[in-house]
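Two complexes, one shared chain (chain A), two partners (chain B, chain C).
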Partner chain A sequence: MNDKQLEKVRKGDFLLLPHYMKWVGIIPVLIGVMLFFTQDYQSMFKGKVLVGISVNLVLIGFLLIILRKGKFPDEHLLHIRHKAMAYAFMHGLTLVIVVPFLSYFAASLLNVEMDTYFMDFGIFSIFIFQIVYLINYWRFKQDL
Partner chain B sequence: MKTDFLKNFCEYEKKGGVFPLIPYRFKWIGVIIAMAAVGALLAVKIVDVPQAEFYKQLLMHVILIGLFLFVIAKEKNEDERILNLRYRAFAFAFVLGTVMILLMPLAAIALDAIAHRLPLEWEQDQSIFFVMSSFLFYYLMYFQIFKRQL
Partner chain C sequence: MKNTVHVQRAIHKMTQADLSEVIGVSRQTINSIEKNRYVPSTVLALKIARHFKTPVEDIFELEEGD
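The block that comes next holds the complex of A and B.
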């Protein structure tokens, strides 16, 4: 890494993809969703492997969309991006911490038998993060 | 009436009210909570208790809460610059964490292929504790690095 790149990283400008990645990123999302909903008609992937692959494809597509540059990248947009990511982190984490307790209390109030109170939805929480980030980024851009 | 409430909420949020930073002393409270939970986790492992699985999950969740408190506690002298660094560290942790989680199954498959094992299952640790604690640790790492660079 040379000095110029290091300076860029120090300013917080991590590797951003070109603008047209918006359209490239939609492809894995569509493939993932299609794989998930056509599982009866194909015999390549089955069961857990199918779910894992389709979820991963959807998340990779969203990541490409998130990491693409704006049309006219500048410092202020970069700041907005950081801020939106921090907000997404905070909202997502709060949600993730509160939801198991809510489900626990709901289960004990309604007297329902549940297998696990602390649901394993780790990958799903990343999806929540990404969606909240996109919403926040769009919202902060409106304020400009 | 309803619009008034919404307007107030928007004002409050613009000032950063939804991004809550709690006072400095919560840093130590968070550390103590996390440490106590780790100790209790060890105790559950050693001592035979009924419903060990449930307590294990509960204590892992408590560790997460402690780390969360540690992360959102203010610095000793918090100012605009530190807040910017904080946002930046959150952004880096977000991207690095997501990329790591997404690439890990591929790395596992590659390792299986090298060792001539058939990848029969989509094996990876997807539990919420793993994901969240890795995010929080990435954040702490980046925040320290950025503070050094000031």
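The block that comes next holds the complex of A and C.
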């Protein structure tokens, strides 16, 4: 690894997507959200397939946004990225543990079957981590 | 840790943008350092000191609680 590559690693702009991927990532998120709210829930098969597609589109979009480089990647932005990841881990883990319990409690109160409105736990966890990361990244960037 | 980057910048008649370009970081990073919101790495601190031709201790100084 030469000096230039080491400098890149130090700045944290290695293996990251270009900055414009932010805009590319927003497209699947918007399509996913639109699909989620406009689908025909009466048709169970079609509904389930479309829920899967829309949720995955949102996750892929968020992933593209998260993995993009900053406009000007430097050590401060890398520091912010690390801090946001740490917060996403702490807050995300807490939410992932707490929310299913609360939901189970709410479902038992409302006499609703859990399967009818819960998405897959793995997808739910990834979604929470992504959302918490993006919120914290944006929040820390505001302090720049 | 407090610093005198803004003083050094004024002495050398440089803007934050000028310094950021020379050092290779964003202008926001220089602003955060000056406002004590971000403590730079040793590499960055040394780069700033080298640019101003001053010992790093003259620019960055430990505070009581550090």
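One rule holds for everything that comes next: the second predicted complex is superposed on the first by the 99 of 144 C-alpha atoms of A that agree within 3 Å, B and C clash if a C-alpha of one lies under 4 Å from a C-alpha of the other, contacts with A are read in each partner's own complex, and residues count from 1 in each chain.
In this section, a contact is a pair of C-beta atoms (placed from the backbone, for glycine too) under 8 Å apart; a residue touches a chain by one contact, two chains touch by 3 or more.
In this text the structure is predicted, and so the values were computed from the model without any measurement.
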_Partner chain in contact with A:Met90 - chain B first, chain C second, else both or neither_ = first
*Which partner does A:Trp138 reach: the first (chain B), the second (chain C), both, or neither?*
neither
*Determine, under the contact definition given at the top, whether A:Val49 touches first (chain B), second (chain C), both, or neither.*
first
_Quick check for you: in the superposed arrangement, does A:Gln130 touch first (chain B), second (chain C), both or neither?_
first
_With both complexes overlaid on chain A, does A:His82 touch chain B (first), chain C (second), both or neither?_
first
*Taking the superposition as given, does A:Tyr20 touch the first partner, chain B, the second, chain C, both, or neither?*
neither
_chain A residues touched by each partner, larger count belonging to chain B or chain C_ = B
*After superposition on the shared chain, which partner residues are touched by A:Phe72: those of chain B (first), chain C (second), both, or neither?*
second
_Touching both chain B and chain C, residues of chain A_ = 10, 79, 143
*asked:* Could you list, by residue number, the parts of chain C that touch chain A in their complex?
replied: 24-26, 28-29, 31-32, 37-38, 40-41, 43-44
*Which bits of chain A are touching chain B when the two form their complex?*
10, 12, 14, 48-49, 51-53, 56, 59-60, 63, 66-67, 79, 81-83, 85-91, 93, 96-97, 100, 116-123, 125-126, 129-130, 133, 143
*Please give the residue numbers of chain A that touch chain C in the complex, ascending.*
10, 71-72, 74-77, 79, 143-144
_Could you list, by residue number, the parts of chain B that touch chain A in their complex?_
14, 18-20, 54, 57-58, 60-61, 64-65, 68, 72, 84, 86-88, 90-95, 97-99, 101-102, 105, 121-122, 124, 126-132, 135, 139, 149
